[in-house]
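Both of the next two complexes hold subunit A, though its partner changes from subunit B to subunit C.
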Partner chain A sequence: MRHIWIIFRRELGQYFSSPIAYFVAFAVLLLTGFTFNDDLAMRNGRAPVDPALPLIYLAQFSVFFVPLLTMRLLAEENREGTLELLMTLPLQDYQIVLGKFFGAWAYYTVLISLTIVHQALMLWLNPADLGIAFSAYLGLWLFGGASIAVGMFFSALNENQIVAAFLGMAALLILWQADLVGNVLNNRPLAEFIRSLSFQSNYSYSFAIGIVRFDHTVFFLGVMGTLLLATTQVVQSRRWR
Partner chain B sequence: MITVESLTKRYGRFMALRGISFQAESGEILGFLGPNGAGKTTTMRILTGYMPPTSGRASVAGYDVFTDSLEVRKRVGYLPETVPLYPDMTVHGYVKYVAELRGVPHAASRADDVLRIVGMHTRRDSLIRNISKGMRQRVGLAQALVHDPQVLILDEPTIGLDPRQTLEVRDLVRSLGRTHTIMFSTHILSEAEQVCDRVAIIHRGELVAIDKPETLRDQLQKGARLFVRVGKAESAETVRKTLQNVTGVASVTVLNDGFSVEARRGVDVRPRLASVIISAGWELLELRPLAMSLEDIFLELTVREGADERL
Partner chain C sequence: MASEQKSQRTIILDRLSVARWSSTLGAVALVIALVALLASGELSPVVVVSALIGMSGLGLWMTLAPEDFRSTLTGRRAVYGSNSVLIILLFVGIVLIVYAMAARSGIAADFTSRGYYTLKANIRPVIEQLSRPIQITAFYSRRLLTNQALESPILRLFSDAAPNKVRLVYADPDVQPILARQFGLDSAYGIFVSYLSADGTPDLNFTVRVLTARDRMPNLPLEEDHVNERWIAEAILQLEARGKYRVLFSVGNGEVNLDSDATGIRDGLRNVGIQVATIDLSREGVPQGTTALVILAPVRDFTQEMADRIAAYLGSGGKVLIMAEPAYRSDIRFMQAEDSPLAKYLWQAWGIRPNRDIVFDPLSYNETQYYVRAAQYLEGHPIVQKDQTGSAARPLFPIAQSWQIATEPPADVVVRRIYTTSPEAFGKLDLREVARNPDRAIREAADLPGPLTLVAAAENLRTQARLLLVGDADWVTNDLIVAFDGQILWTNMIDWLTAFLERVTIEPAFGQLPLSVPSRDLELTAFITVGVLPTAVLLVGLWVWWRRSRR
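The block that comes next holds the complex of A and B.
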């Protein structure tokens, strides 16, 4: 536990000392700001604003920005040779993986909490349904954790950060778009199964409309668990190669 | 302190180690010598628990590197060939980070202590990206020392340093050798000769020789080699012929500034050489033993190896 905490602390600190994290934060706020503003202008007092709307967009953007946050996690350590240091310290491999994962997740948490400014504006304009906001944030947080686990897995797979980011984006895009699998697949049970693995269908139709569903919560936690396990295996495989 | 028994390592179809065995005693500096690709780094990576061997056994401080990997890693300080640094951290922050991961009590002040030992304390707040290669090497060494390990494994700690830095690192290793068991790899032979108590020479994954540098030299030197400088002689050729005829002399080679005389094993030809030269009416300007350097030993051993392979 202590080891995970020490790695977590360094990893989180790393985000705040590197420019990319600020650029990502800037881009995320800009994008959600636009969509928020757009939505506000469109409704313009005719309909109540939807507190979850910026968050749905944010979830969609996560497909592209989360891999940028996770690409260095293991790829950089691998290339710089610092993984050799970590792996010869008295640490378990899973402690390295978990410390880094929680570091990235904590930064993501900071990032999505920046959008609370939109919620505050909404509350100031008219009383909104805070329950929806709460469940949308909870869902987005779990969504982010799962996306980070996916991105980190690809960062462990190779030592090139660009490749890691690209593969992560491709995987997350597929996981997001799998919601639409019914459009291309005739086999209904198979399509339903694939759809149940989609990040979008586990977020947009439950958390984002104010429903915290047990199975969808378990889904995101399960994705994290599975991919963290897989990542640990990839890191460990260096030992038997 | 370090025991290695018939260790092999195979990368795909390539045999990096072909069954090497050796031991290093407590408080000893063992030089690990070999050309690039001989298997030095592989051996060290196995000893530090980075990867397991294909077969064979190794133990450090009484713990098996494979089954008790964590116990071994607690007791070993390791400086890999590419110094594992985080460029965005400060020198002190980095050493403290490693100290914390190693569970060293009072990590921050201990980090200051080791930075003082390696002479990097004045740069403790510099970012690692801004310090020179030699300094990085020393920060890497500080990291390896931070938990005061029983065993230090240093993979080419002087590579890429300028001559002064090289000397500093060598001095540091020598002074640490009084209290630690050190395994030190290098492909610079004179370095091993200066720093190490014993030298293990490996070549193509096999242990070619292991002994004290002096003993290695004695073993391989067939007889004593002497350097002779003669003045007032008519021609080099006459001197060569004269010296050649002295009893006990195996061969004489003409050098630029004198002669290299190889004596047969166990014969001291010096008094006879001196009297022959004097009685010929020449001047004896210099007469001293020519020691065989590790360079020669190394070439001798590895060339012999290569010859076997060609057969």
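The block that comes next holds the complex of A and C.
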């Protein structure tokens, strides 16, 4: 546990000492701010506010910005040869992976925490359902963890950060859009199965509407677990390749 | 020079390279075959051809380079690699099992402050005390999988509340067109509640379609159509009402024709599962099991025998609705004579009788003073409730008579004036004079003074009998029922008599007010969220970059 903690602190420190992470946060907050205000202007005088809406937008943006956060996690270490150095230390491979994962997840948590400002403003404008906001944040947090695990897996597979980011984005986009698979597939059982693997269907129709479902929680935790295990296996493969 | 060398580069094809290329090609072809099989669900030509190419490729690899094949399967990388794959597959299997168990358990926490995904306290007993097990059949086409996902938490509220009494089944009308036709579904979406037969199949004779948002707003796109907890509960109640609620309309005395002039109220009752039938009181008494008897403006007066049958029914706790037109036509005789048996009974047993007048209300009318609009109502009475905000329905009675209510009603009887005219109204007793001078609606000394009772409701506290009297019947005809809250009044009257919908009163799930803020507040919000917050993060980033560059 101590080893994971050391790696975690190192990774988190790297995020806050790198300008890239701040630029990503700037872009995300700017985009979320635009969509949030656009939605408020549209609802004014017509409909009540929806505390989950800025978070659904944030989840959509996560598809693109999470791979930017994870692309360097293992790809950079691979390219610069520092992964070998890490592997010579008295560390288990899973400890390296978990430490890096929790570092990225912690940064993501800080980032989504900044949007509490949006919730506070919404509360100031019109009483909103805080229960829905809480459940939407919980879901977004799990969603972020699963997205980071996906991005990290591709970072472990590649030495090139750009390729890792691109593959991560493509995978997350497919996982998000899989919700619409029913429109293109004739095989309904298969369409339903693929839909059940969609990040959107596991977030937008449960957490984002105020209901925390056990199966959807298991889904995100399962995706995290599976991909972290796969990432560990990829890192471990360097020992026997 | 370099490009010349490149173009002159020879490609050497040896056994090993051909074998490896064919193995790659074979693996790709097998993956394509698998994906095509899963997508189409059948052995299509693409599946077969890809599978053949795949197997041929792998076969070629095994034939041309058996050593390479063997070493790939037994080498160090293969052993470690397959170990890794197996570990991941095992983990995925465990996750899938836990996921399936979690999905089956239906465990969920409702965080909405209004408990939108929690079965309302007054619906739960309805579900738990269902007389027979039911099936909720929800049809969603492939295109509407998202709608299914959005509605499944609401549908599951019912099946989770009583799993042994409520079964939830999803179906695709495109995949099961015969089943959809059996339910009478002709679109991509529809939800039905049915009793289950002894063999476990839905009983189509006892099936009610849940009204959806599109039934209320026909212009709504199919993709936005939806149901809510209340509408599903109402459909279940309608199913439960089938065969249990029976409303009889008296015939044979010149009443309003239910099959031509008042089909709206007849169909309205049938649509909610209430049985509608007719009865000729001159031939038979009101049978047992009748929920309510409706007497819809007869022309001829009822005989003593008929009045006795009504008295017997009310005496046993029956519910009766009488609508009596004033005698504005010479043939209208219903309760117009002083010695009318029914009028005498009503006065003696209930303390109410018709005034035999025509009501004019100079303060509350529509188009003509003959069309009296109810000016006052008994606040809080269920018959006048328009909606859940507490506002009242104000019906219009075209040519109405009023009711006299005894100052001291008979024992155990409570009489209430539900709708009355304004104090300025008056009741003309000389109907012949009104017929001679139809345009002369002036208050005279001989007239009955307002406010006059247009609708009265009486209840016998001992027998639980209920009697509802209305001084007009035109308002329930097809042309007029849709105007001036007529439908609401009709529904409320039937509800009051039969207690049909008393079991379900659900507050609207989303009663939240729309956002309504001045533009300066929105500008301040935009300034903070688009300006201050991202800029602050950017400035910190720039500071970090500047500090790093100085090192």
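Following the convention adopted for this analysis, the second predicted complex is superposed on the first by the 240 of 241 C-alpha atoms of A that agree within 3 Å, B and C clash if a C-alpha of one lies under 4 Å from a C-alpha of the other, contacts with A are read in each partner's own complex, and residues count from 1 in each chain.
The working rule: contacts are C-beta pairs under 8 Å (C-beta built on N, C-alpha and C of every residue); 3 or more make two chains touch, one makes a residue touch a chain.
Model, not experiment: these values are computed from the prediction.
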Exercise. With the two complexes overlaid on their shared chain, look at subunit A and say whether subunit B and subunit C clash or fit.
Key: fit
Quiz prompt | subunit C, subunit A and subunit B - angle at the middle CA centre, rounded to the nearest 10 degrees | solution = 160
Exercise. Considering only touches as defined above, state whether A:I162 meets subunit B (first), subunit C (second), both or neither.
Key: neither
Quiz item: Which holds for A:A170: it touches subunit B only (first), subunit C only (second), both, or neither?
Solution: neither
Exercise. For A:P90, select first, second, both or neither according to whether it touches subunit B, subunit C, the two together, or no partner.
Key: first
Practice problem: Would you check which partner chain A:G33 touches, where first means subunit B only, second means subunit C only, and both and neither mean what they say? | Solution: second
Quiz item: For A:R238, is the partner it touches subunit B (first), subunit C (second), both, or none of the two (neither)?
Solution: first
Quiz item: Given the touch rule stated above, what does A:R2 touch, subunit B (first), subunit C (second), both, or neither?
Solution: first
Quiz prompt | subunit B versus subunit C as contact partner of A:S18, first or second or both or neither | solution = both
Quiz item: Does subunit A have more residues touched by subunit B or by subunit C?
Solution: C
Quiz prompt | Partner chain(s) touched by A:I116 [first = subunit B, second = subunit C, both, neither] | solution = neither
Quiz prompt | Smallest distance from any CA atom of subunit C to any CA atom of subunit B, in Å, after fitting | solution = 6
Quiz item: Is there a shared patch on subunit A that both subunit B and subunit C touch, and which residues make it up?
Solution: 17-18, 240-241
Exercise. Please give the residue numbers of subunit C that touch subunit A in the complex, ascending.
Key: 38-41, 76-77, 80-81, 84, 87-88, 91-92, 95-96, 98-99, 102-103, 105, 107-114, 116-117, 142-146, 149-150, 153, 172, 175, 510, 512-517, 521-522, 525-526, 528-530, 533-535, 537-538, 540-542, 544-545, 548
Quiz item: Which of the residues in subunit A come into contact with subunit C in the complex?
Solution: 16-19, 21-23, 25-27, 29-30, 32-34, 36-37, 40-41, 43-49, 114, 117-118, 121, 125-127, 129-132, 134-135, 179-183, 185-192, 195, 201, 205-206, 209-215, 217-219, 222, 225-226, 229-230, 233, 236-237, 240-241
Self-check item: For the subunit B and subunit A complex, residues of the former touching the latter
Solution: 11, 45, 48-52, 70, 73-74, 76, 78, 80, 82-89, 97-98, 100-103, 143
Quiz item: Can you name the residues of subunit A that touch subunit B in the complex?
Solution: 2-3, 6-7, 10, 14, 17-18, 80-92, 238-241
